[in-house]
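What follows is a set of structures to go through.
What follows is a pair of complexes built around chain A, which joins chain B in one and chain C in the other.
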Partner chain A sequence: MSALLPRTAAEDSLGVSLPNRRSEEWKWTDLRRLVTAPYARKIVAARDADIDRLVASSPFASVKAKRIIIVNGVYDAKRSQLPRGEINAVVPLADDVIVGIGSKLEASGVSLVFDGNADLPVEIVHVATGAAQQAIGVRHTISVAANAAATVIETFVGEGDYLCNTVTEISLAEGARVDRIKAEVESPEATHLSHVIATLAATAMLRDFTLTSGAALNRQNGTLTFLGENADAQIAGTYLLKGRQHADTRLVVDHAVPHCTSRELFKCVMDDNARGIFQGKVIVRPDAQKTDGKQSSHALLLSEAAEFDAKPELEIYADDVVCGHGATAGDLNHDHMFYLKSRGIPEPDAKSLLIAAFAGEAFETIEHEGIRECLSAYAEGWLARR
Partner chain B sequence: MLEINNLHVKLEDESREILKGLTLSVKPGEVHAIMGPNGSGKSTLSYVLSGREGYEVTEGSVTFKGEDLLALEPDQRAAKGVFLAFQYPIEIPGVATMQFLKVALNAQRKARGQKEMSAPDFMRHVKDRAARLNVSQDMLRRPVNVGFSGGEKKRAEILQMAVLEPSLCVLDETDSGLDIDALRVVAEGVNALRSPDRAMIVITHYQRLLDYIVPDKVHVLSDGKIVRTGGKELALELEEKGYADYVVKAA
Partner chain C sequence: MADLETIELVKDIDVDKYKYGFETDIESELAPKGLSEDIVRYISAKKNEPQWMLDWRLEAFRVWQNMEEPTWAKVSYPKIDFQDLHYYAAPKSTPAPKSLDEVDPKLLETYAKLGIPLKEQEILAGVRKQGEKSELDGESGGEYASGKVAVDAVFDSVSVVTTFKDELKKHGVIFCSISEALREHPELVKQHLGSVVPQGDNFYAALNAAVFSDGSFVYVPPGVRCPMELSTYFRMNAKNTGQFERTLIIADKGSYVSYLEGCTAPTRDESQLHAAVVELIALEDAEIKYSTVQNWYPGDAEGKGGIYNFVTKRGDCRGAHSKISWTQVETGSAITWKYPSCILRGDHSRGEFYSIAISNGRQQVDSGTKMIHLGKNTSSRIISKGIAAGRSDNTYRGLVSAHRKALNARNFTQCDSLLIGDKCGAHTVPYIESKTSTAQFEHEATTSKISDDQMFYCMSRGLSEEEAVALIVNGFVRDVLQQLPMEFMAETQKLIGISLEGSVG
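Then we have the complex of A and B:
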């Protein structure tokens, strides 16, 4: 259908057709209309001072970690503490818009292979240095061997107007565990498109958390497939959005085998005219008996003009399963506010305390205390700047 | 300390009056009990004093330490020394009790032009008081009132009172839902706070609490007005005879 439409400048420069709202899963995020600038792949030289300043602005700068620095989509050998690794597709890529844009951009990144228990988290810091309307393509693979465990942070920071398109493939072998934490704190003018594609073998464990607080336009997809029994996945996220920011998360959790557990928890704070969307689809295949899948998304709307849309989709083909979803949206609880004020806490401080508590519930899913504290500090800063 | 004069209050979205000309004078060091049947306006009085939304004062005045209390926001009232121990303490998920106490105490100190309390001083300040009220470290780490039993919630309210050291304590049915042991702990906590420059208003339906917190004066609130005032023996009389004499007969 989009072939019938004239190509936009953005489609021309990216070399792909962008989906529009007539496509069900893009109905709240009409990329064709929303991405207007002619973003194009460019070789951009960055100044050392800019790179260092942006790397230091990562919310996780204080966390002891091994760091990999990606500058304008290119691996920075000088600043990175780990080798790049050989990218080899560990997961067959889905036929998907974001994956498609990535291949047009000849996206590159790092390949992390964990054979044992990694002693320190690995932080991949993605830096965009304000070159006009560049399109950045990133693609990483993370594979964790049987019974190995790792913590991987992906941080996105930048300046100026650019498009960052990122695909991360995660493959967990039997009994493997990965804790992945993503902070999307891109430039306020940026567009951020991402897709994380994960497969879990038997008894594998995925802990995934995403903070979405940067960029003007966000679309983050997640596709997770259980390949072996008794695997366990938790996908959590926090939105801290203001101005006219737009963030849309679409998750597809595919219970292809029995006895797996999935949890989704999204806590979304929207101020001003910001708009948040959460679309969560859970598929339970006919054989996937004893599936335990729960999904919840909660929005806190701090202004009359803020908006939240939630679309839970359950496709259940097995009969002995426990699946559920819940979505709420509202403003701050008046009883909570009165209680705090009655103890002497002024209204703005009481609000901040309650907003931080609301957003922080999703931080609690993260095991690494230092990372949790960094996120709390980020939220505090965000609230102070509101 | 507190002068309530001819106070008339209605709910904002209803025309029916709840308080119909309540007058009460409380001096520093005094403990006043306000007793009355259900629906007499006891809780409304506590909410109006603490500044809850939804109530409209149509007539009368409330003066606290010479200042118009009704003109102040709830947080300003708290900083001036008003504390309401809630009948049903509110659960606040995600805010640890200890953090809440610290933010509240320092906000009040700041409003009064005092220096914030340092972390070690604050820890000491809370620790002794918590121990006396049987509030465990675990409770202090948990979110405010979340998962607390009825008795734990009431003890936590009195702990807040002990930490914030208000000059006017309003206890709204603090005895409700407490067994006799919990009641004793709470009452001891309250009695420990009695002092010549602190006043208390103890709102209760039953006389039982007043065996432990002995009031200087007992008032009977009926149909939005104080209809009788006496000494502590009035509470015993009410216990014996009930509120039958004070309940307004339906027309």
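Then we have the complex of A and C:
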């Protein structure tokens, strides 16, 4: 069907056809209609002052970490504290839209290989300096060797109207662990498209958290596959959206082998005319017995015009499993508000307190205290600006 | 008690578990195979329909020709050749019987075999007392035993007989076949037909609108509580036919009606198509309760034969404080594609959906509901219990949405799936769309198998494995069973046992 549609300006400049809402996966995010600007790959030089200012604006600036700086999609050797590494193991996802755009943009990035326990978190700061309608492609690989552990932060900041397309591949060997924290605090005019692809060997552990608060249009895909038994994954996220922001997360967790555990927790706060979407799919393959999969998404709508859509999907082919999902949507609990106000807390403060508590539940999944505090501070700032 | 009966029943029909698989040898009048404008005209002429009805059908046919078969459901089947079907089949010997005595005895025999009592006097408070005439025929003036059920029996394409008509007439309730309604009450039909499910709503609804042959029509006047349960019994008999019936129920202001629907078909090697449309309209303060026990022939263990059941059911809570409740027990059909929905248009209206869907063998079920909240202070509740056994696939697909103006909409959804055996699949595909902050939506779903502890407990008390499974499953679906009218509840418990036969061990 889509082949018959005339190409849009964005499709022309990106060299790909974008999916529309007739495609089930893109039902609520009609990329063809929403991406209007003719984003194109450009090599753009940035001023030092702009870069430094944006790097400093990372919510995790206070966390002691080794940093890698990517400026407009290009590795900044001068500012980075770690080498680029050799990018390897490219997952060919030919029919995936986001990976497809990435390959058109000749995306490159860094390759992180952890052989032992990393002493400090690694933060990759992505800076976009606002060249008009620039399309940036980034592709990273993170691999953690057997029984090694690492913490990786991906931060996205920027100014102006641009498209950022990012693909991250994570491969965990037996008993490996990675704590990945992503903060998407792009420029309010930007478009952010991302796909993280993770594979877990036996007894590996993934702790993944994403803060979604920037960009006008946001679509984040996640594909997680269990390759070995007794692996454990936890994927959490918080949305803090306002204005006309649109954020859509689609996660596919594939229990291909028995005895694995997956947990998903998403807390979504939408104000003004913002629209939040959560699509989660848990697949339990035949023979993946003793799978334990839980998925929950909760939405807090702060304004009458805000919207939340969810599609928590289960596809189960094995019988000895415990799987479930829960989804809720609503405004602040009136009883909670009444309780706080009756204790003499003014209404705006009571509201902020409740919103912070709601959003913060997902922060609790993060083990690193400093990172958690940074996120709480970001949430407080967001609430104050509301 | 009921569970022991289930087990005995299962044993009785050890060889062929589908007990309604017999065929009635009756001469039928068939339309030529294929679908064209001429066939639509033929059906309309057979029914002596007014011109506007024919035009309506032709319009639907034109729309249908330009539509594509939907493919989004999680079911797979060989492509249906819509030109290889008879779109009309009627038992030959029924030139509009005026009373039961004129109905072909073979037909009555068929319904007796199915356990559907058409002889009105046979049923009293749910207990059959042969030959007892009793007070039913007298002027009883309003007090009725709760077990009385009026039946509209549909055989292939035509309604054979409708019972208790006169009794209902006294209360102003119209209950007849839709062809009769077209003759007797054309204004009511014209006003409401297609107002909930328009001709071009979807592929199968459009097909139905073009070629529907019969179905039931119910109108309950303002303020009337329908004195008995109304029911339709659908039977597909003729070979290579499709059954396309259309049901229209209108509950006027402040009225109440409870409607039951049952269906069976003979065992055949080739698959048959069933595409029905049901439209419910509830005006101010009215309530409609619609219950279905769907037991079409499911095909054999290897998936040969069986009914393709593609049904569009939708209720419109048009008036304030109206209520529509769907209860369904889905055990039959090779393929089920069915989403009974509620449009909650009136302020304070309420929609309910209770479902048990059981699949065994190679059955494929894709069923669920849609709750569309449009009015203020509307509420809805969804309880769905899916049970998959054998090599079947059982999918719940549902939508809950609140429009921007649907202030204070409330929804609670619970869908649980139970897997029996490791060759089957259970899937949940819910869609939640909330466009207003004042809406409160809650959704939860679980999938699990029968726990070993429960089985161990039951078996340590002396139950066999099959008995234990039947008992636990009946407990699992209890929330929904309780919503069924009394007469259906006992039947359903047995049906569950039969449907799961051969699923353990």
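In this section, the second predicted complex is superposed on the first by the 381 of 386 C-alpha atoms of A that agree within 3 Å, B and C clash if a C-alpha of one lies under 4 Å from a C-alpha of the other, contacts with A are read in each partner's own complex, and residues count from 1 in each chain.
Throughout what follows, a contact is a pair of C-beta atoms (placed from the backbone, for glycine too) under 8 Å apart; a residue touches a chain by one contact, two chains touch by 3 or more.
In this text, all values refer to a predicted model and were calculated from it rather than measured experimentally.
For the composite obtained by overlaying on chain A, chain B and chain C can both be accommodated side by side without a clash. When the shared chain is aligned, no partner comes close enough to touch A:C164: not chain B, not chain C.
Legend: residue contacts after superposition of the two complexes on their common chain; A:I316 is shown touching chain C, with no touch to chain B.
Annotation for chain A, partner touching more residues between chain B and chain C: C. Once chain A of one complex is fitted onto chain A of the other, the partner contacts of A:H334 are limited to chain B, with no touch recorded for chain C. In the superposed pair of complexes, A:A201 makes contact with neither chain B nor chain C. Once both structures are overlaid on their shared chain A, chain B and chain C have a minimum Cα-Cα separation of 14 Å. On the chain C side of its complex with chain A, the touching residues are 72, 404, 417, 419-449. By the touch rule above, chain A contacts chain B in their complex via residues 334-336, 338-347, 349-350, 353-354, 356-358, 360-361.
Contact residues on chain B toward chain A in their complex (touch as defined above): 50-53, 73-75, 77-79, 83-84, 86, 89-90, 92-95, 100, 103-105, 107-108, 111, 143-144, 160, 164. Listing the residues of chain A that touch chain C in their complex gives 24, 286-287, 289, 299, 301-331.
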